[in-house]
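For reference, chains read A, B, C, D, E, F, G and H in written order, and residue numbers begin at 1 within each chain.
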Amino acid sequence: MKEERLKKIIKDIKDGKLSEDKALENLKKLPYLDMGYARVDLHREIRTGYPEVVFAEGKTALQIQEISRRIYENHGSVLVTRLDGQKYDQIKDPIPGHRYSPEGRILYAGEYPAACGAPVPVITAGTADLPVAEEAAWTLAAKGCSVKKIYDAGVSGVHRMLSSLDELEDSNVIIVIAGMDGVLPSVVGGCVKQPVIAVPTSTGYGAGAGGIAPLLTMLNSCAPGVVVVNIDNGFGAACAAASINSLAAGKEESS
Amino acid sequence: MKEERLKKIIKDIKDGKLSEDKALENLKKLPYLDMGYARVDLHREIRTGYPEVVFAEGKTALQIQEISRRIYENHGSVLVTRLDGQKYDQIKDPIPGHRYSPEGRILYAGEYPAACGAPVPVITAGTADLPVAEEAAWTLAAKGCSVKKIYDAGVSGVHRMLSSLDELEDSNVIIVIAGMDGVLPSVVGGCVKQPVIAVPTSTGYGAGAGGIAPLLTMLNSCAPGVVVVNIDNGFGAACAAASINSLAAGKEESS
Amino acid sequence: MKEERLKKIIKDIKDGKLSEDKALENLKKLPYLDMGYARVDLHREIRTGYPEVVFAEGKTALQIQEISRRIYENHGSVLVTRLDGQKYDQIKDPIPGHRYSPEGRILYAGEYPAACGAPVPVITAGTADLPVAEEAAWTLAAKGCSVKKIYDAGVSGVHRMLSSLDELEDSNVIIVIAGMDGVLPSVVGGCVKQPVIAVPTSTGYGAGAGGIAPLLTMLNSCAPGVVVVNIDNGFGAACAAASINSLAAGKEESS
Amino acid sequence: MKEERLKKIIKDIKDGKLSEDKALENLKKLPYLDMGYARVDLHREIRTGYPEVVFAEGKTALQIQEISRRIYENHGSVLVTRLDGQKYDQIKDPIPGHRYSPEGRILYAGEYPAACGAPVPVITAGTADLPVAEEAAWTLAAKGCSVKKIYDAGVSGVHRMLSSLDELEDSNVIIVIAGMDGVLPSVVGGCVKQPVIAVPTSTGYGAGAGGIAPLLTMLNSCAPGVVVVNIDNGFGAACAAASINSLAAGKEESS
Amino acid sequence: MKEERLKKIIKDIKDGKLSEDKALENLKKLPYLDMGYARVDLHREIRTGYPEVVFAEGKTALQIQEISRRIYENHGSVLVTRLDGQKYDQIKDPIPGHRYSPEGRILYAGEYPAACGAPVPVITAGTADLPVAEEAAWTLAAKGCSVKKIYDAGVSGVHRMLSSLDELEDSNVIIVIAGMDGVLPSVVGGCVKQPVIAVPTSTGYGAGAGGIAPLLTMLNSCAPGVVVVNIDNGFGAACAAASINSLAAGKEESS
Amino acid sequence: MKEERLKKIIKDIKDGKLSEDKALENLKKLPYLDMGYARVDLHREIRTGYPEVVFAEGKTALQIQEISRRIYENHGSVLVTRLDGQKYDQIKDPIPGHRYSPEGRILYAGEYPAACGAPVPVITAGTADLPVAEEAAWTLAAKGCSVKKIYDAGVSGVHRMLSSLDELEDSNVIIVIAGMDGVLPSVVGGCVKQPVIAVPTSTGYGAGAGGIAPLLTMLNSCAPGVVVVNIDNGFGAACAAASINSLAAGKEESS
Amino acid sequence: MKEERLKKIIKDIKDGKLSEDKALENLKKLPYLDMGYARVDLHREIRTGYPEVVFAEGKTALQIQEISRRIYENHGSVLVTRLDGQKYDQIKDPIPGHRYSPEGRILYAGEYPAACGAPVPVITAGTADLPVAEEAAWTLAAKGCSVKKIYDAGVSGVHRMLSSLDELEDSNVIIVIAGMDGVLPSVVGGCVKQPVIAVPTSTGYGAGAGGIAPLLTMLNSCAPGVVVVNIDNGFGAACAAASINSLAAGKEESS
Amino acid sequence: MKEERLKKIIKDIKDGKLSEDKALENLKKLPYLDMGYARVDLHREIRTGYPEVVFAEGKTALQIQEISRRIYENHGSVLVTRLDGQKYDQIKDPIPGHRYSPEGRILYAGEYPAACGAPVPVITAGTADLPVAEEAAWTLAAKGCSVKKIYDAGVSGVHRMLSSLDELEDSNVIIVIAGMDGVLPSVVGGCVKQPVIAVPTSTGYGAGAGGIAPLLTMLNSCAPGVVVVNIDNGFGAACAAASINSLAAGKEESS
């Protein structure tokens, strides 16, 4: 894609359609929208397959509103993560027709893409991991994946996970979310062929609290093929999962 | 127990009582109750000797209420830990006749089992360790142990502990709870034959605060036989202590 | 696969081919080989798609030799990781025809599977990251992936990476290996659609040495879709990459 | 400067203008104002080129008011950092004509020095880094530097930074502010000749949160010439930048 | 025991057998042997049920030899831990008839006590955990417990552990040893009623290496009743296990 | 003191004033007051030279009130530390005539002992270190030391400290309190003969915040003779300083 | 510079000197030399003002030899850092006429640039900091700066530093190197106007060893204008210092 | 002392004995010996009561030899710490008549000062703490203190410490050295009036190894009056102890 863009510019120079100075400008500046406090990256979809997502933490309600609107206007949809209920209520003029999950602290506006690929299982070890799971589920939906939720299936009662083995085996990629001891991804990873994306959560207390304990457990998983994202990063896990899922699905379609 | 269950299934297959498909189902799925946000592990009592306990942190008041009720209905009792006063007040329809300790942030509903085994001493180094001690004491009671409370017996006045040596020596297992320097379990462990379960607490400030200092002290205790649970984990200490106590008591009874 | 195995057992019981006791045995014990110091997991290939791999650290040369031989005899191939040169030299009776990489500290014996799927790019930020890259490359080869090596392409001269953009864009999944500041995966992830597996290395010195600095950088990557494995874990990254690559390739083939 | 002061004292002793005891006093006590709770360093401007700056954290509103006033009376201007809005509102009798930035939590009273030297670029990776950037910008202004703000130019869309390369190349020194993965200073440092002052911010969550991740990234930057200040320390970065900028400017002027 | 000792002293005073000064001496000084560099605690057996054990790290070969001999002479047996092969070879005049395990770095001299209580299962997740397991096994033997070794039974092939469930269920207490992700104790703890003593090992590499990762996993175990000892502390785990085992056994015998 | 007490008991036994059982009681139980939630150590003054001090954190207002009263009744004075204003206001029935410092979060009731020994200098690096300094100053007063306050004398204007050198040199021991870089004790320690007690404070932000940075600086001080207490522990520093000061003073008096 | 390069390419396209495909190549690939294990960045001098420097750690002697030679051939000089004596001796065919410092573990080959700008003071707190200081001094020399060495001037005898104040005040930028408590940069920074680059060293032991203590001290320095590089990073400090020094000098020359 | 020196200079100026330039020199430069790699602080004895001590780590054998000789020539004695046996053997021309302790890694040359003050007890918890204790003991001797060694008196057999209570109570200050759990100083501090200087050692293994565990324990000691030095810093503890001891002794003598 980049190459075509460059070829177009080169051709325009050769054809005299572009002055030297203008060409220089074009070569140096790829499109973005400078709003002073933000430079919205309008062609990220072309480059990485998905439009810019708004990370709400550290932004004011007004900044969130304006940045979201610009992306929505350019792409027809927008995803806002880490948007807690209090800040959500401060947004005065939100995009009409949007949906918001207080639990997942996530907002989506726009049509959902048609789901493609197999459903992506999102497993949690406990009920307290739900907020992270919801962030993952909403992100998957926004990226055209259907979701199979398997909540509260930790290894203190390992049969709760085993009973869902069929659903796991029918998938292309699995998201496993766990706090406290973070054991679940190792156990799932020891049972399946699929890539497992492990998400540690900040659930728990004491030594290793804030998610350090499950993060380390997951990084040291004896089950090969387990990859890890940052603590509570349901969004990141969903991005990687959607990318893997569409890879398989895309191949299916192209056949 | 597991074996008997498996044997029963196998016999049913042989006897033709169970179709192949049905048998498969039975073998793969042990009983749990799927509530969407939680999969209640109904046969944990059979497997590990005690019904599932509700860890309240990260759950909504409504989820706590519903999960507790289901366990209560199945087992006749339920224990809820880490339930702070504010969330407790939000539970609209609690189990009638339950008791609640704001200090120990713990709730119990149901009959208490008859106490068996020797009383379990719960020693704290300071007054500030009481919430953790209360969590341990309530858990012990729920598991059929009587408790001997020895509070504020830290080594800055070591005679306060020594004066209770008789009670320590009459027990099967001892829980020692300490924050700050976490010295008490080492001193107790140097005086007795019994297994000592050490619980670091998040009491204190400065370097090593949040319980890291006493946790490390206890893990490095020079007194062999001291084992450790996570910071502030009075519940976990009580579970291990009850298990050890009933082991001895069970032997007594069976004789 | 597991289901079929279970169905077979159930059918044998029904058909009277299996006594109750024998059935119980079969249900409880999946095949492994008990060598005293090791229980070789002979059916892992069926379960997770790949035979057990030998992690050499902490094992004696004799143990490595014997475990490898058993796996080789059962599967026709074996992969041994973290095998440093000194211990390699102590193996008295190695598998004939094996290959060994002193740099990647890795040994492979057996035929290579036919390569399928697109080549997997393995990019390193610096020359010092080569040992980890070699471990990844050998593992990929052992799992039937061809490899595209792009070494020493760090962001202090970012054009070195950009010049390989075409090769990155033709792949299904990319492994990016970096020590010190660990910046490269973020930059690659900002340029491509593919899932990026980031491997921090223990290259570097000072604060954050031993790989903590690049690990944290990668976990906090602003580029969504970057997933991470443990420090120096080229093997784990290759396992996940091979799994993703075969997923796409498998779909291709099945079409 | 110090030497001249000492020479003056020595000459006064020789000339008999200063008694022995008085001389001793003079040699031992350089000028400061003892306010009981604070010893205001009145000659710091002579020694280090800039008057004492008031760090508001940990001081009461009244202390801030009184210390600021004394410095203002001595120097004609005063800068107060880390002054959050709540404490600012508690200052009953502030210096007339002052300006205050709630976002940068910074106050300035007095004339601005004439700007000299090239504008100092202040680049941030994201919108959430603005408070730190504002602290840096206000400090630069108070020290006689003009500022070129380039906000939200992180590497997930690296062209947003590259489009400002001209402005970077026209400067004497560059401040780069980033949280999360802290990648931006490495990329900027790989593109320019100028010294780069990197400021990690406490933006982000999970492992390495509170700014540890970007701090380590920046300390391990592969781009030589990148120097680092403490997390969120926009003030410190601006002090160093102003010092470097005036160094170049001073030379210009003196030529 | 202590009480009797005190009563004896008191009686002797009353009976005039002990002068005031002598009594004071007796009350203040319990028996130990001062060797200058060591004060051997000769009556620890009376107090805590087991003679002093020699921790060899940081002691010279000569000191180890002399201290061991004194304990051996007083008790008829002695246990020396953390004695690596090199230092063992430097002991010029060892106790005749002793046994030494280079793998477990442990030495025992004397008769073994008759085994009582059920065998104690010592489970390891991998082959690399053997040194710690051997330290535990030798210590158990020295304390009169028989041992059931179950090595290399980690959860990447969970059936290897499940196949030994019967042996686990017949025990009074279980020692579970694991490095890397430290997952095994959580899984074992979720399957059994017995107290589980978890030992993290320093096996593994990368983030959380040196045993921090499995230590945190075990402290955060979701399976209640899991208690933890320090990294690589097979000795400590065995002390606690023997104490628990004898508790049950003692009850059996006394019935 | 202890010896005399023991001698008395022994004599009473001999003289028949004490029955055997009573003697045992006396030997085993040194005096303390069991209040259920607290065991007040009534003879600590005899043993360590100072009555028990009440650490208010983690205690309820009622517990503080009752424990304080008992100590006050026994000793004629009581010191309560870490008592924040909110909890202070909740004490319904405080000891009449007490004094309270909201800044130092400290309460004292009773007569002050006559000051003996040289005044103890309490130096702080900044104004924000005042709360810790006040805790130290009140504790010193309660222990019969007069105090010389030297506040805000940090090394960014080192002459502010140097101007007080005379007062430092006239003392027996010096308390130096600093946050942020924690440099002041090293500089003071390089100028004086006296023992220096360094107190790190939690002043500051960013890496090493919460006092870790100054704590490490002080532990690594190049000036020999600098000893350290925990972060913000003005109380502990004052205890040690008073002990040293009275040592010198006691000698003076006894001469 | 970059702009000119781009302009040249654009002009060549327009003038028909460059085919479309060729232009694309030129635009995408900036010059580097691919040696398989390394991609030598040949135009870094144009971009950042200095040729690529060889970081020897993690590279084989042969790789170092070959990469150095290529850079030397292209630029007429080459600098190799972190080259310990053992590896240096393994280089079979070094560049003739090179110089090597075993203490600074650094090698330089080529003419030295003419020194310009004021001498750069390199101050160390102790003799043990010399290796880092030598790395800085050699790097400065390679970049055309003369060096003023002031070694062993730590604050335990602060007059040793003060006696060199004149030399400090005549400089443009100062490098201050310290281990243990890392106090020196704060003291220097409190006395001068110049930017101070602080280098923590791994000198010392105990808590904060490996350089963490001085790193934190320096990041928290109360003296504004102090910037920091990674532990032991004399090279990085010298790069920044040379950049600042040449900035001033360049201005001088251009006037 | 400093004042007298300054007064002398001032008087000389007034008397015309000192020219202005000369006076300036005198005021700015206090005496030290510049050896290039070291600036020996010749008047430290005047300032802080003790000559400069040579810290051998990081210095070459030749540097140690030369620096020691100069101090010895100026003061008649010299103390060298952290001098391991290997480096000691490399010193070609040592000071005749010196003594060296391989265990304490410490060297002393010169007459010993006459011992004054009470003997200083040096207590260790275990035999492995001896090297640190020896460093402390030699330093105390070099500073004119006699030493009372009480080795291996840890709390796992607390009577070993209690038996030495008399000796502790007859002292002015006590040094307590402990690794592993670091409990001993808390117990000693709870029994005595004297200031207790706690030294954590790097004895032990696992979590908190390298001395972090005992360091944190000691910083959090519940016994007020316990002060702490860095891990393994026997030298620093002895400096503080000697300072306190001489304070008391000085008073005695002057009476």
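Just a few scattered comments:
We adopt the following convention: a residue touches a chain if its C-beta (ideal position, glycine included) is under 8 Å from a C-beta of that chain, and two chains touch if they have at least 3 such contacts.
The structure displayed is predicted, hence computed values, not measured ones.
C-beta contact counts were set side by side for D-F and F-G; F-G has more. Over half of the residue numbers at the interface between copies chain C and chain D are found on both sides, making the touching surfaces mostly the same. Centroid to centroid, with C-alpha atoms defining each point, chain A and chain B lie 38 Å apart. Separating the CA-averaged centres of chain A and chain H is a span of 58 Å.
With centres set at the average Cα position, the gap from chain D to chain G is 25 Å. Shown for chain D are the residues that touch two or more other chains, namely 3, 28, 47, 126, 156-157, 165, 189-191, 206-207, 212, 215, 219-220, 223, 230-231.
Remark: chain D residues 126-130, 151-153, 156-157, 159-160, 162-163, 165, 203, 205-207 touch chain A in the complex.
By the touch criterion stated above, chain A contacts chain D in their complex at residues 28-30, 32, 36-39, 41, 44, 47, 52, 55, 57-59, 63, 67, 82, 202, 211-212, 215, 230-233.
The part of chain G that touches chain F in the complex is made up of residues 125-126, 154-158, 180-183, 186-187, 189-191, 204, 206-208, 212-223.
Put simply, chain A touches chain C in their complex at residues 2-3, 47-50, 53, 165-166, 172-173, 189-195, 197, 215, 219-220, 223-231, 235-237, 239-240, 243-244, 247-248, 251-252, 254-255.
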